[in-house]
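Shared between the two complexes below is subunit A, which pairs with subunit B and subunit C, respectively.
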Partner chain A sequence: MKELLKSSYGPTARLKQVHNNIGGAVVTTSTSSVLLQAISSSHPIVSLIKGSILNHVSRFSDCGLFASVFCLSLIEEAGRCDLSQNVIIRVNKHLLSLCTAHLQQEDCGCKVQLDFCSSQSLITLARSVISSKPTCVLSEPESAHISRLAVQAFLLTVPCNIPDKVRLGRTVTIPMEGHSVLESAVFPGLLLDTPENISLGNLCSPLRMVLFSASLAGDLSELGDGRIEVHQGVDTDSQIVDQLLELGKQVLKDEVKLFVCQKVIHPVLQHYLRCNGVIVIERLGISLMEPLIQLTGAQPVATLHTTVPWEAYGEVHVSVRPFGSKTKLHLHPAGKTTICTMILCHRNETMLSELKLVCQKTEHVLRLTLREPCALLGGGCTETHLAAYVRHQSKNDVSESSPVLGCSQTEYLLAGEAFCRSLESVATSLEHDDGASLIDLTHAHHWTLPSDATEEHLEDAAALCGCGVVQSCQNKKWSYLNTEYAEFSPEPLLTASPLQPTVLDSFTAKVNALEVAVETANLVLDVRYVIQDVN
Partner chain B sequence: MVPLEQLHLSHVLQAVSALESIVLRSFGPEGGQVLFTRDTGQVMVSRSGKRILTALHLDHPLARMVVRCVWKHSTITGDGSKTFVLLLASLLRIIHATATKDPHMFQPHNSTEASEAATARHLADRLLEFALTELDELIVLNVLPHGFRVSLENFTAETHDLSCQTLLVSFFRTRLGYAYCDFFRNLFCELLSHWKVKDDRPSFSIQFLNNSFLALHTQVSGVPVSCSRLIEGQVIHRDFATPCPQVRKQPLKAVVFNGYLQPKLLTTGDVLELRCGDKVTEDRGIVHFSSWTEKSVESIIATLQSFGVSVLLCALKQSSAVLAAATQAGMCLVECVSEEEISLFTQLSGVTPISDCRRIHPEHIATLTFCKPLLLGAHRYVHLDFHDCEERLKVKPCSLVICAPSEGQADQHACAFQDAFRMLLTALEPVRKTQTALEETIPSKKCTSLHADNISNGTACRVHLHQKCVTETGCVISAGGTFEFLLHHALHQYGHSCSVSVNTSAVVPVSQLLAKALLSVPRQIYSRNLKHFLQAQTRVVALIPKQPHALSANFIHTEGPLGDGKLSLCSCKNGNMSLKLLDLGLESVSCKYQLVLAVLQCLTNLLRINMVLQTHAVLHTESHDSLNAHSESSEGEDED
Partner chain C sequence: MLEGVVINSRQHVGLQKLSALSGRIRSSVGPFKNYKFIQDESSGDSVLVCSCFRIIENLEPTCAVGQLVYETVRGHHKQYHTGSGCLLFLAGGWSRAALDSLRRGISVKHIITAMSEGIDICLDVCKKFSVSFKDLAVMEKCTAAPGGTKKASTDASIEMANFHDKCLSKSGQRKVKLSRHFCEAKSDMLSTVRHPDQPDMIVIAESLSHGCEKAMKLAVEAAQMLLKTNQQRIRDPLFDISKMLTCLVSGLPEDYACVVEGCILLLSDEQAAAAHVVKQQPLKVALITGDLSQTYRHLGFKSLPGEQCVCEDLDLSVSSKEDEWVDKVVKLLLNLEVKLILTAGLVSQKVIQHCCRHQILVVEKVNSSVLKTIGSSTGAIPVNYATQLTESCVGDGVNVEIWRDLSSYERKSLTAVNISTGRSSGLVTVVVTSCVHGKLQALEDQFWACAYRLYHALKDRALLPGAGGAELLCVHQLQKQAEHDRVKDSKTGSAANLYRGLVLQLMADGLIDYIAAVMVNTGRFTAANARTIVSKQLTEFHRDEISTEKFLQLVSQSKREDAGFSAVKPDEAPALNIYDNLSVKQEAWRKALDLVLLVLQTDAEIITGTGQKNEGNLMLL
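And now, the complex of A and B:
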């Protein structure tokens, strides 16, 4: 399992094809959530890890593969070093608190403060999420375009005048197959499917609209479980239709021009309204109700028998937007809105569904930055940096920590070494083309080296480190990962760094992934035996 | 005619040993977790013996009976389920050995097996009788002097009682492992101090927490354990059914509904007749009916508005018309609130739920300081707090959020919390019946439990001291087998004096059996290293000879207001032996006492059975051969 997930990690990852034995749809993916869901392992420990990671991914949408690879290598390393499980668990927990404390510090070497004034770092963050999912098959300009769109959509959903409670808007994603990725776009407001042959010629904006959440199909649902006996000569249907038309009359009298219903509208009522120049949209669906309410300020009407109150009406601007072969009704509000629509285009269905998933994840990751406006260096640099830091710290505090944790100094160092090696192995697994992974011994960043390069050409081959902050220069010392090197304290970067990081990871997601990975590994290490219920 | 299975002692022993081997691996400080998986993909992680055993779905009737006993015991005390099985197995083993060695000592029987069973039954009965009459006294005399007292009286956020904390740490360690015991101990203490009713007994608030724990905690998965925390007020595990309005005036008014807001026109069995030409329904027909229900909803909402109510909590799902009416009136409505949460809400707010919508009175209306959505993990819940709770109930209501990477783990932590409440409740119970038992037994046979060289004036003074002790609650003793060592020693002494005084060497002293069985528990604790076992035993036994001095020294401290500083002081005086034991944590004496009693009761029950009757509802008249084959349920099934 580790090999499987390792090879899916990072931007140059290999893709996985998942298909089940009963001939279901073939899914091509390297996303952890899809991949892990598809694995139905018979081994209970694997399903335990799987459950933890999937829970993490559903909360934070990112760093799922990081967590799983790290967790698995922790377990592997623990098995390799010959220590009692209790000792490893305690040391792991101690080192984890060391890591999180270091990451929370202001001057942590691998943390970057996000600047909301310029969208550059946000786009970088979005781009590292998007480019880590190679299934989308995006070219360089395409992924740049999508990242820009994602950030644009995100910024549109952040309300401008912030009251005491921030309420984010919604991005409605509409997938469109068969167009180029570069045709994807973001609009403020909502795009709805239009009924056939619609003319807006004689309508003046803004329109008054009414929104029904009750079914207008003419059924009686709320009467209860009792039986209804209908005597001859009673025409209940016509009574109900009469009632519906009564409703239509009232709506027309109130000069409503847009009539939207979540469910089905009776054809007679539809016809009646259309003849009187009202745009009728039915079967809106529950998912679009909430954004539409936010957009127009209309309140959904659920009753048929009382007159529609004046407050229930909303106002909206309407225009028709041709999009490819389809035309869409574009609703945009009178004032500012936090609702926007993102149209995603791609060449085929598989890529499109992955792209849609990626965009949702990106949105989520971007939203997480609101809570904690910083990011971590990507490209394996955070991992190597942390490993170097932990190694340094654990060497220093060995005499204080080991009695507290109830183990000998050697045990403490051995377990600490296992922890660091697991961190480094996550960084190593970013490289899939037989290249070597290196660490520089001043800043502890991660460098990759193509397999054909040799030690002498190190400076030429690797010009930039994994995250793109540190430039290669002559006087640096290097060491291969997974080899012994003298411990050192990683130097902080100079504040006036000339280079912008090119790869960023979400801070909140990564810290959570780190904790989840260690806790899951600890849990697995604590399991003594397994009982399988086959009933 | 009926398929029978003669039950031999060895069968019982086999079944219990199988259970023992299951719990053994998660027993003691070196024990670990057990992972359960179902075919549905559910994963459960547990170190609790109760959960492990109940999750097994055993087939064997005897094993099921044992599991039921364990379950009953640990539901009450919240602790000791693994020790239960261990002790039961070792008692059975010893009884089995005694019975096979000496089958005819009780009365002659025609077959060896029958006499064996009779002997075993007899021994078990006598053991139970002994435990019911003598054990509490023995514990008071020989174990309590070495224990400490836990009190929750001065349980405030700053000055926790050290011994209580140690008790909780050792409890959480046996449940959740080393990694989180300190963290959860702190959380537990914080929760307790929030809920502590001022000038009232602490056990009252623990009882309340235990009862309403289901409504008080929220499990969140996918987040690290360290995110677990307390939040003020109550969390209702439902989302708002209507959009929650943004800005509101404080405080809010809330009501609770038990029924439907919209009247059900036609209940099952009712018939609505629609006739033509009927004067009443002629004008609108069926439409008239549905408009009438909508009107009635509007009138209810209007009544609520006149009271200024803005939050509706409903036990049932409401119709969409109700939701729309509430939305238009600007009220937030929460549907399908569970029974436990409604009962907690009514207890905390002091209001009664509305069952008849037409009669709404001021006593139905609660006042809240806030009511807002709360995002926990994947779910959105309703978070509210009560307005004047601190004045009215003298508590600060708060709920617990338990986080873990996976659902199974969160569930495990929640269970540990619940059991911690039960354990504390049991620990705070005084060792019952002791006072009366002492007064009765001591004058008649005063020397029974004492050393032969102990003189009577010492006894008198001791009785005085002990009577003070029984009124005290919450006695704890260092963990790691101290209780077992001490009781073993006491029983040994007791048995010795008994056999000397009564001088009936034919009767095997039952106290010796119990003493022997008790030793198996610490033997398992130190199973990795026999040397540690012997060291621990000598350490504990070394305390005993200087008992008179240690005893009085201890009691002076326990009688005074025992602070945390004095506790360590007291153990220092006793030499550093008990100080060393303190590292192992503490456990409750009354839990242990109840455990021994429960085990003996279960044992007696087990041995009274001599036959297993397999009844098959379907196959009742079928051939007996197949039935007999079926009734041979094997112990191997226990370990599936």
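And now, the complex of A and C:
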């Protein structure tokens, strides 16, 4: 399982094809949420790990693979270092608090404050998330375009005038196959599929609209499986149609110009309304209901048996927007809105579905920055930095900590070493092409060396570290990540560094992933017996 | 099917599968295609297929890679109707290139960067060397010399100066090649409506026919008919392909294929009787989008499972619900004086009988675009249920004509009617005929491929030198870049460039393989022979640096030297200028590479399922 997930980690990851054994559709992906759901295991420990990671992903979207790889290597290292599991668990807990405390500090070397005045760092953050999934097959300009769009969509969902309670809007994603990625776009408001040859003609904006959540198909689906008895000669179908037409008449009387239904509308009613100049949209789908309610202020009507109350009507501006071969109905309110629509285009279905997943993830990650406006250095630099820091700290406080944790100094150091090695192994697994992973001995950043580069060409081969903040220079000392090196305290970066980081990770997601990984590993280590009920 | 190629377990299995799959269509690329039988072992059914898309469709690949391929090819075919073979073949060729690179120890990351760079080079070449319509029109003007001198100079064209060479060969070729039909069409149809910058559609069509001259002839005829009817409205050289229809008739010889204005539909015996009554008079028409039967309900309607009928008194004389419904519908139709009903869905037998009795012609399974067009030209509004029909939904002025009685050719009687509106509805039907029933599908595919090629050419307003010309240029450019990298490499000594050069070289090999396969398929070259010619051509390219202006002439020369590239039959000596679609080819190449890169990066297949857990690592590298 570790090998499987490890090989999916990072922007140069290998992909996995997921499909079921009866010839279902094939999903090509390297996303943790899809992968983990696909893995089914009869072993309870695997299910346990899977469950806790999936829970993390559902809350934070990002860093699922980081958490799983870290958790699995912690377990592996623990098995290797021949210590009592109690000791390891306690040391792990201690070191975790050390890490989180360090990350929360203002002057932490791997933390970057996000500047909301310029979109640059936000775009960098979005881009790191987007480019981490190679299934999307994006070129440089394409991924830049998508990251810009993601940030633009995010900014549109942040309300401008802040009432007492801030409520973020929604981004609705519409995938479109067969167009170039660069044709993707973001619009404020909502775009809906339209029936063909629609003409707005002489409709004046804003239009009054009504929204139904009940099915207007002319059936009695609300009844469920109950039985009804009908007298002969009574035609239930035509009676419902009459009821529907009654509804249509009322709506027309109230000068409604846009008639939207979540489900199916009976063709007779559709025909009647269209003939009277109403735009009819059916089969909206549940996912668009909430944004539409927010956008228009309409209340969804859940029955067709009463008259529609006046308060249920909403108002909206409407325009027609051609997009590719399709025409879309563009709804936008009079004032500002926090609802926006993102149209994603890609050349084929596989890439498009992954792109959609990634964009939703990016949106989530960007939202997390509102809670904590900072990010961590990406490209493995945070991991190596933390490892160096923990190693240094644990050497220094070994005399104080070991009695508190109830273990000998050697045990403490050994367990600490295991912890650091696990962190470093996460950074190492970013490289999939047999390249070597290095750490520099001043800033403790992560460097990768292609497998074919020789020692002399070190400076040429690795000009920048994983996150792009540190430049390589002659007097740096290097060490391979899987070898031993003398502990040192990582130097903080000079604030006047000319280089901006090119890869950033979500702070909130990563800190939580760190905690989830260590706690899950501890729980697994604590398990002694597995009792299985075979019945 | 996949077992045909030995899969070496030490290699990337996914790429091998891709390459094996593309090997299946090796004999189906290019203008000369071989028919294949695909047989279902379990049921014993078999189909005759010709185009690459149909091969993949009928093979129904079950493995993950196969499904990915099918998904891509299907997407491409739906949009372009041509170029699927090129896509699949190159996906195979480039997957072999990737395999080779892996074998030489190049990392996946390097392969991906180098290949993306390679495709950029290729697409760039396509853009740079595409022939715009303006250029084509200019070339044509050269040919507009008086006929007599043209003919004389054709014989001497070999000795002529390079500049005139191309134009003259073109004109000569037209004299020899054009069928009587083409000449006629040109004189009476297109000459009046030609745009100054617009080259002759017939010439374009001919150079795009790629061996399907008959199908292309039909496509041109249909396109011109569409253009003529729409000319009053818009002066747009692009025709509306959605108004083109096909009608398949088996039992007639292939030469009977023709283009007819209006919409040709096949009718059964009963319907034909009604048609004879209503023919040749303006009719009222109703359009129905659903089925015409009592039990039909629209999509999304759930009927009640627990409905029970309670009878208060037993009345045995009451007729069945269906009879009641049919009576109601027929009465309504008679009231509205509707004489023709077109439905997109099915029609119950009872309705057909009743309608025929009242001389109402009912046609089922009509294409929805036909409904739309007829609706917009007659003012009829399509409705879902027959009971919905009102005065305002009924259109007026549709003509039904008996087009041909086909009963004598088949045992069961069959009549074809032409439904058209007086005010030129703008529909054009292409009747595809064949004595062999199994061949109809292939012929229809051929027609659509030609029609779409023409359509995209007019849409792009540019063409790509065909017959391997574009590929050759790309190979040349790729090899130049590879060479450049190698030279730079030996100076600086860094390894990254070396890899790039190697991968680009391998990609070029994939393209060469494609050209060679096309040449072999013509049947006049052995594989070795074809390769020699290609490499000879390439060395010529390398010797003198080609510039854009010189290029066209070079390609046309090359074609004369080895007519094997072209689709012309050997007895017709003067080579034809052959062109390809720009956007279709670019898109096919890009999709092919996307496919290869996706598969290249995949290392495992996770099989989930209802049964036991099954999880296997595919790649053993």
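Please note the rule applied: the second predicted complex is superposed on the first by the 480 of 535 C-alpha atoms of A that agree within 3 Å, B and C clash if a C-alpha of one lies under 4 Å from a C-alpha of the other, contacts with A are read in each partner's own complex, and residues count from 1 in each chain.
Everything below uses one rule, namely that contacts are C-beta pairs under 8 Å (C-beta built on N, C-alpha and C of every residue); 3 or more make two chains touch, one makes a residue touch a chain.
Please read all numbers here as calculations on a predicted model, not as lab measurements.
**Q** Could you tell me if A:T236 is touching subunit B, subunit C, both of them or neither one (first, second, both, neither)?
**A** both
**Q** After the superposition on A, what does A:P333 contact: first (subunit B), second (subunit C), both or neither?
**A** neither
**Q** Per the contact definition in the header, classify A:N522: touching subunit B only (first), subunit C only (second), both, or neither.
**A** first
**Q** Does subunit B (first) or subunit C (second) touch A:G416, or do both, or does neither?
**A** Neither partner.
**Q** For A:T350, is the partner it touches subunit B (first), subunit C (second), both, or none of the two (neither)?
**A** The answer is second: A:T350 touches subunit C but not subunit B.
**Q** Between subunit B (first) and subunit C (second), which does A:S58 come into contact with in this model arrangement: first, second, both, or neither?
**A** first
**Q** For A:A302, decide between first (touching subunit B), second (touching subunit C), both and neither.
**A** After superposing on A, A:A302 lies in contact with subunit B but is clear of subunit C.
**Q** After the superposition on A, what does A:H271 contact: first (subunit B), second (subunit C), both or neither?
**A** second
**Q** Do subunit B and subunit C touch any of the same residues on subunit A, and if so, which?
**A** 40, 220, 223, 225-232, 236
**Q** Going by the contact rule set out above, which residues of subunit C touch subunit A in the complex?
**A** The touching residues are 62, 64-65, 67-68, 71-72, 75, 79, 107-110, 116, 290, 298-312, 372, 381, 383-385, 388, 392, 494-496, 587, 590-591, 594, 597-598, 601-611, 613-615, 617, 619.
**Q** Write out the stretch or stretches of subunit A touching subunit B in their complex.
**A** Interface residues on subunit A, with respect to subunit B: 40, 44-45, 47-48, 51-52, 55-60, 85-86, 89-90, 93, 163-165, 167, 213-214, 220, 222-234, 236, 239-240, 242-243, 290, 293, 299-306, 309, 311-312, 512, 515-516, 519-520, 522-523, 526-535.
**Q** Which subunit A residues qualify as touching subunit C in the complex?
**A** Subunit A reaches subunit C through residues 3-4, 7, 12-23, 25-26, 28, 35, 38-42, 134-135, 137, 139, 177-178, 196, 215, 217-221, 223, 225-232, 236, 263-264, 266-268, 271, 275, 283, 347-351, 432-435, 450-453, 457, 460.
**Q** Can you list the residues on subunit B that touch subunit A in the complex?
**A** Listed in rising order, the residues are 25-26, 30-39, 41, 43, 45, 52, 55-57, 177-179, 221-226, 243, 246-247, 262, 264-277, 284-287, 289-291, 293-295, 298, 319-321, 323-325, 327-328, 377-378, 404-409, 640.
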